[in-house]
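One chain, chain A, links the two complexes that follow: it is found with chain B in the first and with chain C in the second.
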Partner chain A sequence: MNRPLSVLILDDEPIVGKRLKPAVEKVGFEVETFEDPAQALRRLGERDFDIVVTDVRMEEVSGIQVLEHVLSRSRRTKVIIITGYATVEVAREALVKGAFEFLAKPFKPSDLRAVMDRAARALGHPGIPKTPEE
Partner chain B sequence: MQIICISRGTLRGGKELAEGLAHRLGVPCLGREDLIEAAFRDGIQVGKLETAMVKGGRLSERLAIEKEHYLAFSTAFLCDRAREGSLVYHGRTGHLLLPGVEHLLRIRVVADPEFRLRAVMRDLGIPREKARRYIEDVDEDRRRWVHAMYGVSWEDAAQYDLIVNLHAFNIENAAAALTGVAQLPDFQMSPASLKALDDLHLAARARVLLARDDRTRAASFKVTGSSGVLTVTYLPHSAAVAPAIPKVLEALEGVREVRATMAATNILWIEEAFDPASESFRHVVEVASKWGAAVELLRLCPAGADADEVAAASAPAATPPRGAAGGIEEDVEEPVVVDGGLSATADALASVGRSGGARTVCASSDRLIEAIDRTVPYSLVVVGDVYLSKGHAARVRLVRELMGFLGERLKVPTVGIEDLKSRYLFGRADLVRMVGFLALVVLVFAVVFTNQEAVLRFFAAEETWARVLAAAAAFVIIPVVAYLYGTVASLWLKWIRME
Partner chain C sequence: MSWFRDLFRRREEESRGLLVRRIARFRRVLRSYGRFLDLVTDAAEKQGGDFVLDRSYVLALAERALDAADSMVFDFAVLTGDPGWRDGERARGPIRWERFEERLARLREEIQALLTGPDAPGSPPSGSDEEPEYRLLRAFRRLAFPLTLGEAGPPVVEAEACRSLHDLVHVVHERAGDSLAGLAGIRHQIPQDLEVTSKRPGADAPPWSRDFQVAASTRPRQAGVFRRVAEIVVADRDLGSASAAWRVAARVDAAPGLSFEVLDHGDGFEGPVEPGAVLDAGRVRSVPFRAFLEGVRAGDPGAAAGGAGRIARAAVTEETLHCVVWGPDGDPDLLDARVGAGRASNHLYARFAAGPPGEGTEAPRAAVAGDVLSRADLAAARTARAVSVWVSGLPAPDMEERMRLIGRVFRRMAAGGGPAGEPDGPVGHERSEHE
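For the complex of A and B:
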């Protein structure tokens, strides 16, 4: 049996983590959510996550900085950028710096799960089962 | 009053040039960032529109409506500032938001590729190869953006009054040179330009109001304004929202009258299974683009098909409530609908600005007519592959009967999808035919006019037998020449899209 993938979700709007955590946990991932980028960076210093989901526009630390920090520690980690303030320039910067995917808000949790499924497969994990209840 | 729009790219110095020019002219400088920030605050999904460009430039039906809202908001935003006084705007293609406003000064800034490359490497802290890829990708995204938003080419030099190459100028000198240009009488606002600005402003504010109101926000509209009279054109499938239009716009300042009208040119395309990648789709879009028409899709499935399937496929594109919590929408599992490619084709049409709605009808031919809104001014009905479960001969007969039935009842030209190209699109075969017939016409004229005396003698002969022969010759030759000439003329008109 595969170990559950670890996911860190960082968004300075508390509602984002609150809504995404159960939606991602229900497909068998282990999720930690953060609203404070500094705390998230500390946690990222303590352990490597399989998938990191981060907002771009936050006070003090940007999602691009989080992306660079994560990839400098672990090239294996898949970083998914989520933002409502997307522009092609920011999206391209994130992608050229190694982001796995860029997701513009508003989106449904199922959209994020679909991206996470691809990320999981890219990590050699079988991905999200089609019917997790079974 | 002046409006100067500077079209800039990534790290080309356009922003610095705009700020320098605004400083010299003593006018405010406004950037695309200000516009985007305001649009975000207004709840417009600019991020969705932008990332759609990164992912290939296709807009779903829902995003196509969002595009209308964004463009109207942007026009209103610029008009608001412009009406307060002169301004310099720097962004992608601000001038395209103000069509019809003459005396705009439209400037494009370009820079040396090496300069841009170094700037990207420095600012983003990435190696040369990645910087090159970044610039190529962002430029391509911008090309897609301008094409998707305005249907024009970003790099078309005819779009601009001046192109400034900052490789040859430094920014300060370029700003000094442009200060002189901006003060030329050609770029000062005239009363006609001001009126155009006012009309655009009114129409844009009206479109924004329609996008904000729950009664009308999910529909597509084209809004024009002229001296306080607003004309709102809606698509046939949005007819239900028409009564709400005057109510939504009644409080708008500056409106004297609101005219809500249904789009006058519509194509009804009937198929059992649609495919946005098919040749048929390309032909229909080509004809619709030529006519400026919206295409309504009607999926005709056999009578007695599953009613649930019909209901699901016929439902309009769901629009989430504005300002979904934290940008996360409700996680509603959408049923997997087998809709014969209807939704994908509707999205593909929306992406090229030709969507006129989509629905599924499961009915026989005579019941089908009940499902077609007879008040819609269709210009053409296109019948594709239907009755797919039947054998070839039965299918051909049934399609022919359906076309005859629809043509007779709707009083609208009705064609089969396979005839669409030959009837309405100019192809290579048409070109060959036109050249061939034109050569024959020229030959006939050359023969007649280089032998005028002989021709006149032939037709002026006095003998009875000769007169009979001349009459017989005229009887045969005139229709032949008319046919040749008529064919050339009709093909020519088809070529220049005047059929």
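For the complex of A and C:
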């Protein structure tokens, strides 16, 4: 039996973690959410996660820095970038630096689940079962 | 005398150039208006609660909505070039576009107060289950997005009466259409006794400095004002020669009682076209115009076109159509479309004058246009003055299908417009000027 995938969600807007946590836990993943990038980086120093979801624009640390930090520790971790300020430049930079996917806010939790499903399969996990509404 | 002919030819060429520039400017107004309507739709969808959105979404939404409104007011100013004076008398207060700018500035302040304030006014109490981001979105939408210019309102709305951003952009887009439709008839005169004030001491006076100073004296000083005013004045100075453009138009008899004066700005017809020529609809190459004419002629394909009736005006290229038919009380029916291979730039905008009220609560013309077009997947807005419809981003075949439908509605309007096709049609430009 596969172990549940671990997911870290980082966004300085509380509503994002609040909304995403139950939606992702619902599909059987273990989720930790953070609003403070410094705390998230400390936690990332303690353990590796399978999937990291991070906002780009935050006060102290950018999502691109988080991406670089994560991949310097664990190349297998899939990093999904989310942002409310989607531009071609940011998307290109994120993908060039190794992000698994780039998602523009606002999005539906089902949009993120679809990306996570692909990330899970890329990690050798069977993926997320489809819900009736999907 | 060749110099005399050359003079007229040059004037006609200049006029055509001006017309093309003004149509292009009008399309910018429409593009911004479409952008704004897309934001209204998008925000309503997001409000449904199924999305992960944060405060930055609401801030970006407000920024984009204000940006669209700002662009519209600016393009409207360039389009009209109206310094606020007509026939030697001041036209109801400060210049029109400046009043829109002032209103926009006040709406901007209200929106900024909402977005930066601790509580969103009018929103549910903070103890409710709704998340603060959704409450903020709801409050912003309530402030900026309702169209309050209902069918029972006055036909002509002033800037001050615009209670929301949506009201403002709607009125601006309507006025921009009016301006373009009435291009040939617009006159501007600056009274000789007007006191002008220089806002830029020591600056070299350009040739049009008098107009420049008139405009600048009523305009808040801010970055970019001189560039803006300069452009407006150039448009204004050219305005007098605009009607000359139509002297070289060809004529297409579309249906009994409905003919079009058509200016071809590039590949709108098959083969060369002589000024004043009467052309068969089969010569039309312009994709949107051809589809539109098919709709116009669909009612009675066997009937002889032409004959005494109404003249409409159209400017075409292979992929574009801009057309005006004068409706009741001088209000124009208006159509602007682009139909080409590039789906993203395709659009269709039509506006039908509401006409005089019927016995019921709604004008018969408005009822016809609204009923027919609401069945064609077109976004529609109704006010006391007009019904306007809009669609964009469809593939060419779908756009052509809608152009045919619009053609049928235009034909019906031109023939009288009421649900039963009342015989008393709107007052239009009589064909006698061409006969």
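The rule we apply is simple: the second predicted complex is superposed on the first by the 130 of 134 C-alpha atoms of A that agree within 3 Å, B and C clash if a C-alpha of one lies under 4 Å from a C-alpha of the other, contacts with A are read in each partner's own complex, and residues count from 1 in each chain.
In the analysis below, contacts are C-beta pairs under 8 Å (C-beta built on N, C-alpha and C of every residue); 3 or more make two chains touch, one makes a residue touch a chain.
Bear in mind that the values here come from a model prediction, so they are computed numbers and not experimental data.
Participant: Record, for the superposition on chain A, whether partners chain B and chain C clash or fit.
Facilitator: Aligned on chain A, chain C clashes with chain B.
Participant: State whether A:20 touches chain B only (first), chain C only (second), both chains, or neither.
Facilitator: The answer is both, since A:20 touches chain B and chain C.
Participant: Quick check for you: in the superposed arrangement, does A:84 touch first (chain B), second (chain C), both or neither?
Facilitator: Touch status of A:84: both partners.
Participant: Can A:108 be said to touch chain B (first), chain C (second), both, or neither?
Facilitator: The answer is both, since A:108 touches chain B and chain C.
Participant: Between chain B (first) and chain C (second), which does A:123 come into contact with in this model arrangement: first, second, both, or neither?
Facilitator: Neither partner.
Participant: In the superposed arrangement, which partner chain does A:71 touch: chain B (first), chain C (second), both, or neither?
Facilitator: In the superposition, A:71 contacts neither chain B nor chain C.
Participant: Of the two partners chain B and chain C, which one touches more residues belonging to chain A?
Facilitator: B
Participant: Do chain B and chain C land on any of the same chain A residues, and which?
Facilitator: Common interface on chain A, chain B vs chain C: 11, 13, 15-16, 19-20, 84-85, 105-109.
Participant: Spell out the residues on chain A that touch chain C in their complex, using ranges where they run on.
Facilitator: Its residues touching chain C are 11, 13, 15-16, 18-20, 57, 84-85, 105-109, 112.
Participant: Going by the contact rule set out above, which residues of chain B touch chain A in the complex?
Facilitator: The contact residues of chain B facing chain A are 10, 36, 40, 45-48, 50-51, 53-54, 124, 126, 130, 133-134, 137-138, 141-142, 145, 320, 324-333.
Participant: In the complex, go through chain A and note every residue touching chain B.
Facilitator: Counting only chain A, the residues touching chain B are 11, 13-16, 19-20, 23, 82-89, 91-93, 95-97, 102-110.
Participant: Would you pull the chain C residues touching chain A in the complex into a rising list?
Facilitator: Against chain A, the touching part of chain C is residues 46, 50-57, 60, 131-133.
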